[in-house]
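Here the chain labels run A, B, C, D, E, F, G and H in written order, and each chain numbers its own residues starting at 1.
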């Protein structure tokens, strides 16, 4: 743009030619803005491949292209078989079985010694909810956030939750994953004053309606400070938590 | 029947005539059984009028007839206006405003001194759930059961629940009334080892779906020992609790 | 706690140290209470493994650990293949094919001679409802309750129900299992004055909506004294029935 | 048509003119067929006005026009106020309060002496279902069918149903009206071998879902020989019953 | 009964003994009535086995028992493989592939020469609806009714329907099977004045909701004289049609 | 933009200043594009006010502002009372009672003499669907399209539809408005080869589910060339039809 | 008809015989009209086979018959395996893998040089929506329409959409295919003034409800000029677009 | 506690007595913890009264009590009439008409000069969504947060959104309120990298299903970083945003 304006100012380009060139400018500029925005995103969030209906070959192809732009990539909803095939083809990738994800190899998590600054804690009500929680955990780790797990602390084992209250107190965001009646976010919301991202899971049967019961329970929670993502959407919860985490870091950077 | 058999035995009635008379016997006998069953019921549960779509006049007419059989009568879902009209017309009846019920006047509740033997406790999550809980309370009182209330002890005020744990321990049945996400029965079910009758209420808005969210939450509870009745059905919960209470009394009577 | 107090009383521990140690006391005490509560539960209800999404190996591992605490264990929703693998690995366990459960070996059911005291009767409307009923039956047997079965007594064969009315009369709780329109609990509720736990099943097709039709039928029953559990939740119905049964026993013990 | 063909045959009309005249023949012929069909319908079923969203004036206007064709007319879903206004304006009409219908005055019902030949019986489970049943009753009476009522014979009062088994035996079609769990058609279907038209009503609350629960119950009935109409559609049930009744009469006429 | 009364009349049995013997009389008498009713049913409708979740062996076992009572038996929802296995084991049975039924061998359908007296016509909107229609057809044939088929006459091919209007005119009952929007019963109902049993099918996708769209279309039909059965319930429609057919025969027999 | 470039080319504006001015250029340019797009829209479609939750005063205020830009304005979902108040306040506006709309006064519709070129025909199944159809009709008239009405031509009166087939043949787009089972678009789609915009209405009761039944019927139509808008959305259907009409005009203009 | 009239006019056929022959005339004439209509359809739309539940053999048989009438045929919802079997059996057919269709071989698409006259553009939000879009694309190509694709231009990549605005401007109809929240049609509708046919897809999970979320999003779009077809119904969208395209061509032909 | 320990340490209290006193300690300690937690909450969030089903008198009574603890109080869902009555009774309170809230008088919003640090921006798609947005706005203002409004920037007016991109860039959290198809959060999520709290509103009709369509659209958004609250729940969104805001402040405080 600057170049074009200089050319106009020095007569190297007529006004008419400049206008012609600028004809599709809005979308190009927007698309530049978009790319810029993308770049910012990429510093925080690597490109993500939704692997559900893709073959191992298709997933590998896209991941290879993405690796050209950034060393940090992710693929979600990848079955064991497909995941292993992809990792075999592309060195430097890792398959996370419970999370059903392929990511670039990640360094060990930083020790918790930092006082939980910006710490995100992922909780589950039961053991069946763990795969969804792991999707959130791996995503957050891949995005460079400090994450801790607190699994299987549902209403029936609430003492386990209470006994780790120190961990909850250190967290800045909580991701609470629960199926069946989805009551855990309400209980956690009654204990701590932190933003809670509730993730309903399809764990359950009959009137669980594939997660609808848990979703409704969470949307109707009487505890304040809870927002909800789609059923089984561990990745989406991680994105929301990461987005909050980035705001906290930015504010710290400013001060 | 006995009379007929005597008549047959003494020849006052021929076998053929007896057979003709017995032609419709099955339904008559069943209907006797039914009446007998009804009588038994009546000792426990007085006749009940569902007042929703009835006029004050209609309610009064039915109650008058029922009063001929038993001094203990009840009408549910009666508006303030209708209830007062009915009580004005029939002396000895009382209108319970919050419960929206008309009943015969009841003596003061027996002191709790009996050690909570057969005690039924009615809990609510919030204050908006109280009318449904009162319907259960008044019904149980009218049926002659020992009942205690523990209102507004939802997840957001769980310490109030815990601080009355002694009361929960004395109870033999719990009726837990909750709207919105309906999580209270799960939490109570994690604390005590008593049969819990969960009553979803239509308290809430939007995705509360008029009580469906609470209902689903209760049906999918991960805590054992919970069964559910229809939305806002305080009366039905009381009947279930009373039925359990009667079994306990009978077993005591036998021992 | 007692030990700590002694130490304080004898000066072995300063008040300040005691306070520090007691900092996390509430949750620990609660967790003690919880364990105590658990122990109580365990006397009644053994630990239960939900086998749906677990491998035979995972089920076996958990069962082994539970067997360390109590000889009475259960796993529900276990397929034939998985169940047999588990039983092969852990001696002393039994697979119940129709109930799809693994339990510790149980002694023969006590004879009905006890006059049905505390007897729980499990009914089904059709033969397709039997697996759900068996889950309830085996659970109750495993919890040490007297149980009788009355299967395939749906509306279309109501004479079979009526012809076993003596059994209904001896029961203290009824579990009524039905799919399709779920009308059986209403009919039973019109015949006997006992607490009825209604279990909708996913038997049916089309507008049966996987058990929703039966569930709605049961929730809207015009007969009093009925409460409902989740679709196909034979285990949950058994827990509710067992909970009622324990109350009856306790009251007997007191008198 | 015949006239046109004669004109062609005698040369009074050219083939080309005849073809031109016949251009729109299909729809005209069909519409004739339709009118003929209509006439047949009218001998059985008078024209019907759906009064729900119409003013008293509009209803009266349409009824007046219809009275020009046939003395037998009906308007359904007419409120008390509108109905009385219509009857005031048009002499010879009657307002049926419970049925919420306006019809021409009808002679007294023929005595049941005819042995119930072609008799249609309308049953209701409860008293709140009566308005829907009355819509069916008045419609059938207006269509000239022999109808009997058997109201308030729900599952909770099944002896009343059984005690009128003679009436059921005389019927050729049964209309069974029920709200809440809608179990009555199943029970009736287990007792008699007659076509049953089941009418769910919106009586109930909460999970009754405005009649959906009753509808699902009826559609999933395990008893054979039941078909269902829309919620609260007493008129539609009457039309189906009348249609069956007409077939019976025709077959009788032939033999 | 008669015997007992004679014994009483001649003193061979005391009144007290008779009363004791009659204690369970109601249910026994009812069960007699029931058996009688069953017998009547069996003359019309042979015993039916719902094969969906049964093995070939289970189906064969039940069919063998039923064949002891009546030569006319049926099993519905039987897969090709299971059906052939059953027929191999029990001679005299036939597997109907499209209808997915096993029945006893049936004589050739009576010629239509009887003038359609009591004729039942089964229509389908499309070719995908044929299996459901065949279930109705085979059931009716097995029950001894005159049946004709009119398949693939949906709205998009309405001229095929109109061109067989003579067949519709001869029928006394119509079974109309349609998936997708389920509009065919409305169109047929506008053409003929016969009772129409509408069968929604699960044919369709997306918003067809497994037959719910067709079901709703049929329940809300603006044409009179239509009643609906469960989705894909060809058997149920046949039972309703057969029930109507029996009434017509009875009335003919009387006149 | 051109001005800015000239200033740059002649030195009246430095490149730096130009860049600063262009900082927010993308959105401004887009917003220009948008305004331009708006202008184009306005030549076809006047600004529209959704009156549902607005007071007469609010509606009048917005209409006054819009009248400053264009003489053609519309407000939809305006009650009688509000509509008359608005027309009283702003001269030159007209209230359309059945359509529940306020528009600028429109000249008389052009005679149909133009051979139906670009003609849009609006059909309804019943008389209760007319208000929705009128919303479409008035909107189209206001947008300057040739429109004809064909009301009350539902399946039960299909000869009326067939007798006006000439009108259907002249149309280039059909808007078909129907409630209840929503079958009319399927039938019309079987008769003509024109784009059909189907509008479900909330006319009906019970399982009509406020128009959902009609919507599902239309979405699952077996006839090709049908697309659907929201329930009761006559305005949306008119916009779609107008959009098609504009394409036809443009193509004509080009040729 | 003309022949018959001549015979009548020349006495070769009596009026009576003519009337007899004309007895079933309405349906025959309608069926003629229908065939004529069919012929017209066929010039535009070739016969289509819905392959979902048909075997390769059944599909091949129907296609062979259709090829007797027209060289242009289509089969939709055909799996890879079935499609290849059909193409092997019938030379001259092609299998389109992504569209899951079999069609006659088609000439190369005409160059876009015609200035987009009557151009239809098919857009998708994501890559998972492409199969549905391809069904629309192949259908339109097969029907002889000019079609362009613009895939993977969802909200997250809106600059790609904006950068091809020239293509949108050339189109006369847009088909917009989107799953998940289905927001793309709203965004496109805010950009261009063309008729938009929105196709929800079943892409998504959890609360996507198999496409219901996308469907609702599209039906409730705040942008004017959008109409919707069934979930995953690429074929139906193509038929609607083709129908609009034919109207445009006809108007051009007239001018 | 400390006191008790001292008494033990000095012998003023025996260990046995201390244990007895500590029997109910867990719940008391927890309830202390809870109060402490409450206090912390109160510094952030004042006590809130849900006014929906309360009378003006009831609201006033509760507010008076709350004012004893904190000068900052709120009541939501308060009608104009009730709100004015409350403000008349309690000086120092203000009624916010659009937000339908009563709060304590608040000082003027702090100038935006602080560089948007911790700024929360509330957006709406249309004007009808404003009441819900105002509930969020007033709640946040009352909680002491910097808030800005950006109303009526839906997809149809996206240039308005883009033209205020600077405001979006300054925000740390966005609350996006939208009814109908609920597409705005997706579009905003594609533009900025901030946590987005999406609030579906019940604005719309027909298939809008009282906000369900918008809710589903938001839950299925393809844009990352979005979480959702209940329909019309402006207050809940504000609580979530405030909770995020508090985390940001705390992290700033630490650094």
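Note that a contact is a pair of C-beta atoms (placed from the backbone, for glycine too) under 8 Å apart; a residue touches a chain by one contact, two chains touch by 3 or more.
Given the structure is predicted, the values throughout are model-derived calculations rather than measurements.
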Chains contacting each of chain B and chain F, listed by label: A, D, E, H
Any chain in contact with chain A as well as chain D: B, C, F, G
Chain A-chain F separation of Cα centroids, rounded to whole Å: 42
Distance between the centres, which are taken as Cα means, of chain G and chain C, whole angstrom: 56
Whole-Å gap between the CA centroids of chain A and chain H: 24
Residue list for chain F, restricted to those that touch at least two other chains: 26, 30, 158, 206-208, 212, 215, 219-220, 230
Pairs of chains satisfying the touch condition: A-B, A-C, A-F, A-G, A-H, B-C, B-D, B-E, B-H, C-D, C-E, C-H, D-E, D-F, D-G, E-F, E-G, F-G, F-H, G-H
Contact footprint of chain B on chain A as seen in their complex: 125-126, 154-156, 158, 180-183, 186-187, 189-190, 204, 206-209, 212-214, 216-223
For the chain C and chain E complex, residues of the former touching the latter: 128, 157-160, 162-163, 165-166, 205-208
Chain B contact footprint on chain C (complex, rising order): 37, 40-41, 44-45, 117-118, 172-173, 191-197, 215, 219-220, 224-230, 235-237, 239-240, 242-244, 246-252, 254-255
Contact set on chain E toward chain C in their complex: 24, 26-28, 30-31, 34-35, 50, 52-53, 200, 202, 210-212, 215, 230-233
Residue numbers on chain H that touch chain C, as the complex places them: 1-2, 5-6, 8-9, 11, 14-15, 18-19, 22, 25-26, 29-30, 33
